[in-house]
Amino acid sequence: MAQPKYRIATIGSHSALQIFKGAHDEGFKTIAVCKKGSERPYKMFNSADEIITLNSYRDFPKIQNELIKKNAIIIPHGSFVTYMGYEEVEKLKVNYYGNKKILKWESDRYLERQWLTKSGLKVPLLFKKPEDIDRLVIVKFMGAEGGRGYFLAKDKKDFYRKIKPYQLRKYVLQEYIIGVPLFIHYFYSSLTNEIEIMGCDIRYESNVDSLGRISARDQIVLPKIDPSYVIVGNIPVVVRESFLPRLIEMGEDVVKTLETILTPEEEIFVFEISARIVAGTNPFIEGSPYTWLKYNKPMSTGRRIAIEIKNAMNKNQMKKILG
Amino acid sequence: MAQPKYRIATIGSHSALQIFKGAHDEGFKTIAVCKKGSERPYKMFNSADEIITLNSYRDFPKIQNELIKKNAIIIPHGSFVTYMGYEEVEKLKVNYYGNKKILKWESDRYLERQWLTKSGLKVPLLFKKPEDIDRLVIVKFMGAEGGRGYFLAKDKKDFYRKIKPYQLRKYVLQEYIIGVPLFIHYFYSSLTNEIEIMGCDIRYESNVDSLGRISARDQIVLPKIDPSYVIVGNIPVVVRESFLPRLIEMGEDVVKTLETILTPEEEIFVFEISARIVAGTNPFIEGSPYTWLKYNKPMSTGRRIAIEIKNAMNKNQMKKILG
Amino acid sequence: MAQPKYRIATIGSHSALQIFKGAHDEGFKTIAVCKKGSERPYKMFNSADEIITLNSYRDFPKIQNELIKKNAIIIPHGSFVTYMGYEEVEKLKVNYYGNKKILKWESDRYLERQWLTKSGLKVPLLFKKPEDIDRLVIVKFMGAEGGRGYFLAKDKKDFYRKIKPYQLRKYVLQEYIIGVPLFIHYFYSSLTNEIEIMGCDIRYESNVDSLGRISARDQIVLPKIDPSYVIVGNIPVVVRESFLPRLIEMGEDVVKTLETILTPEEEIFVFEISARIVAGTNPFIEGSPYTWLKYNKPMSTGRRIAIEIKNAMNKNQMKKILG
């Protein structure tokens, strides 16, 4: 096959190393768009054939014409969407992999919830006001960077006491489900209308994942520790095999509702969905147990995306995969 | 070599994906026996050359003749034994990989304990009655599905208070060892009489592995959380290298006692042994650090079993490996 | 290329399996120096072309001439340094990979601290005497094997109460940082003066990593549990990609200060540095996500070391890499 004419581009962060590796594996050239000072990983790991440096990600629209000239396809990832904001992403004119409309649904907790419940998934309750709290809740701040300041409250009184330092912040009151978090990575092909399970991970979060290492007796007498949920890494995991039939159904149900998801991440009690590649796929740059099963060769989500683009090129169906 | 005439069959659950992948790698055809509604993973991952659907696993004996005609070898795994019951397994006439008699020893906590102590391994104490409790114990219900309801008790009084909601359940009182659980996967070849270490994992259990993420102060004031030990996944781990000589010895000691174990899983303080493939091997479908060392090619426990069968065929020693 | 004339030797423990596998991958013969009774893993995994058995590691100097005759290069690892003591290592005449002088800096908490702070890294505070404690500290015993007996103290009074059972031990008082531990593996090439990120891991420590599995209510009423930090394994992890630029800088800063580090391990709040291969690299015997990115073939730290030696041989620069 002739050298693909498209170039794979994304912002240098989140899962870009994986995206670029996957692109290289499939013969694409890559463009990393980096904030000044963050270029090093993309050099160290020979990931970027070209690096475009910005002073601020807000300058991204300014380099759009350059990207369009280079026939780039943007692969959105979590940081891409966070840094740009979904309204800005919707305005982009450069080729964009996936469905842009989904971003709005994913960015708004209430729309996200509507999407998930319409798909028949079990989601934690949301309470409209502190007076409604009738069970353990987690108080999450809107736009909070990585879960800083989130806290648990058991009732109205507990809430009002703990909210004091955050008086002006917008928050949601979400039922706190006692159970272990686990993230499932799906890939949905709009060419074949099929869903694939690419892997699973556990987030490694600071400081909540360090609290258990301090004995309860010490925690009680020591100065109060406020929990925070800042992701610092991802740990590979496989899910109990008997859960897979349900997880496959859940993935399909979500796709049926909106038809255009690419890599949602879920739990059985679903509290979040991401409609783009998730960083939890990063442990699997050389493949996960699940992709080894299906492909029998190294296959990351980043590479799967590159293959999707090649398949669309070969079938002359680029419109189906660009948003 | 000619295409092997046997087919590899097992129940679609637990570690079947791995078993089928290993069988395919070694040129065997595969048969998944699935409960209605659980077939999807075996299609999605191209695992089963044939799927036989049952309404209930209790119907398994009804398809035995079909399996015998197809020259199937059943590979037992955890769910296979749980769903069927060891008495039913013992009655099976279809080819069965491994030693059936071991299942009884593994299924009964007291026989298991006898086996382990005879092998010279350190095991947690068992207390006959609540009045004997003289240290921290974990109260485990017999036949409990995945550790639901298990609780800790520090003395007789504590026990009687906490047992109330479970009055009619059978239980064992096991010393609770403070330490981190770690599971070692062994493979024992009855052809070569050698033991191999295939990998290690940590179980990811709900809800106990989520408790530490809630600060002690919150746990104390919030509504009481009952611990449960339901396995939802497996996390890869490597064990400290200086433990390996002891772990190898322990594996050999267990084999000497009963001569026919296939994949026991252990801790240094051994609280459990499984005499069949464990789900903890699932993170290593493309090999674990240990199998890479030994084989220098992708090697899962599932594949190792398929190789064992091939070796037995080539040596005309099928009797040695079928139970 | 002609068969390399050097042999790779190390003590059979810690990360020796990985070192030997890496050596074999690059065509070197290997020599395992084992304490009596610990030879098995090196046979089971076909790691050692030759095993030299010692009654005690203190006898190591006695076999030096044999190693010199065999043209061995010692690859130091954590247990090598611990078993021998850095003063003994400094006296060795056999070829030694890496810089011996670094060991003194790594072995002494105060020198280590000086090195790290001079490199501009953020380190936990050290308090000179219990009276100075003004925040949560961890009391670490000098030469403690694997963190046994370490405890937390919130002030002078708390310290004096908890130190009682350890009256005669030497200790350091280190600020206790609330956050998740994460270990970064670097490789520094003194041939190219470049740093590489080889992987990341989480240590699995007994018993601290089991405490969170006991509910706070149970912990409070049950007999007191003393924390300990004994490493029993290593769990693979990938770090949040947006941290990488900072981590790369940190690695380079440390190298600039002493010019000769090989595989330091770090946290962003750095509390420890190891100037030799760390056991945390063991999950990655077939490569980590990071080495797959860079090398696109199986690459462990052990293999990277073997390549470094080959490169030095080819360039006739053995002096640059031997200490």
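Think of it as A, B and C in the order they're written, each chain with its own count starting at 1.
The criterion applied here is as follows: contacts are C-beta pairs under 8 Å (C-beta built on N, C-alpha and C of every residue); 3 or more make two chains touch, one makes a residue touch a chain.
Because the structure is a prediction, the values reported are computed rather than measured.
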Set of chains adjacent to chain B and to chain C: A
Size of the rotation, in steps of 5 degrees, that lays the CA trace of chain A over chain B: 120
Copies chain C and chain A - interface residue numbers shared by over half, same or different: different
Chain A and chain C: spacing of chain centres that average the CA atoms, whole Å: 33
Chain B: positions in contact with at least two other chains: 205, 209, 211-214, 216, 219-220, 225, 235-236
Contact set on chain A toward chain B in their complex: 135-136, 152, 154, 158, 178-182, 196-197, 200, 202, 205, 208-209, 211-214, 216, 219-220, 224-225, 227, 235-245, 248-249, 287, 289-290, 292-294
Interfacial residue positions of chain A with respect to chain C in the complex: 13-18, 21, 37-41, 44-47, 79, 204-207, 209-223, 225, 231-236, 279, 282-286, 298
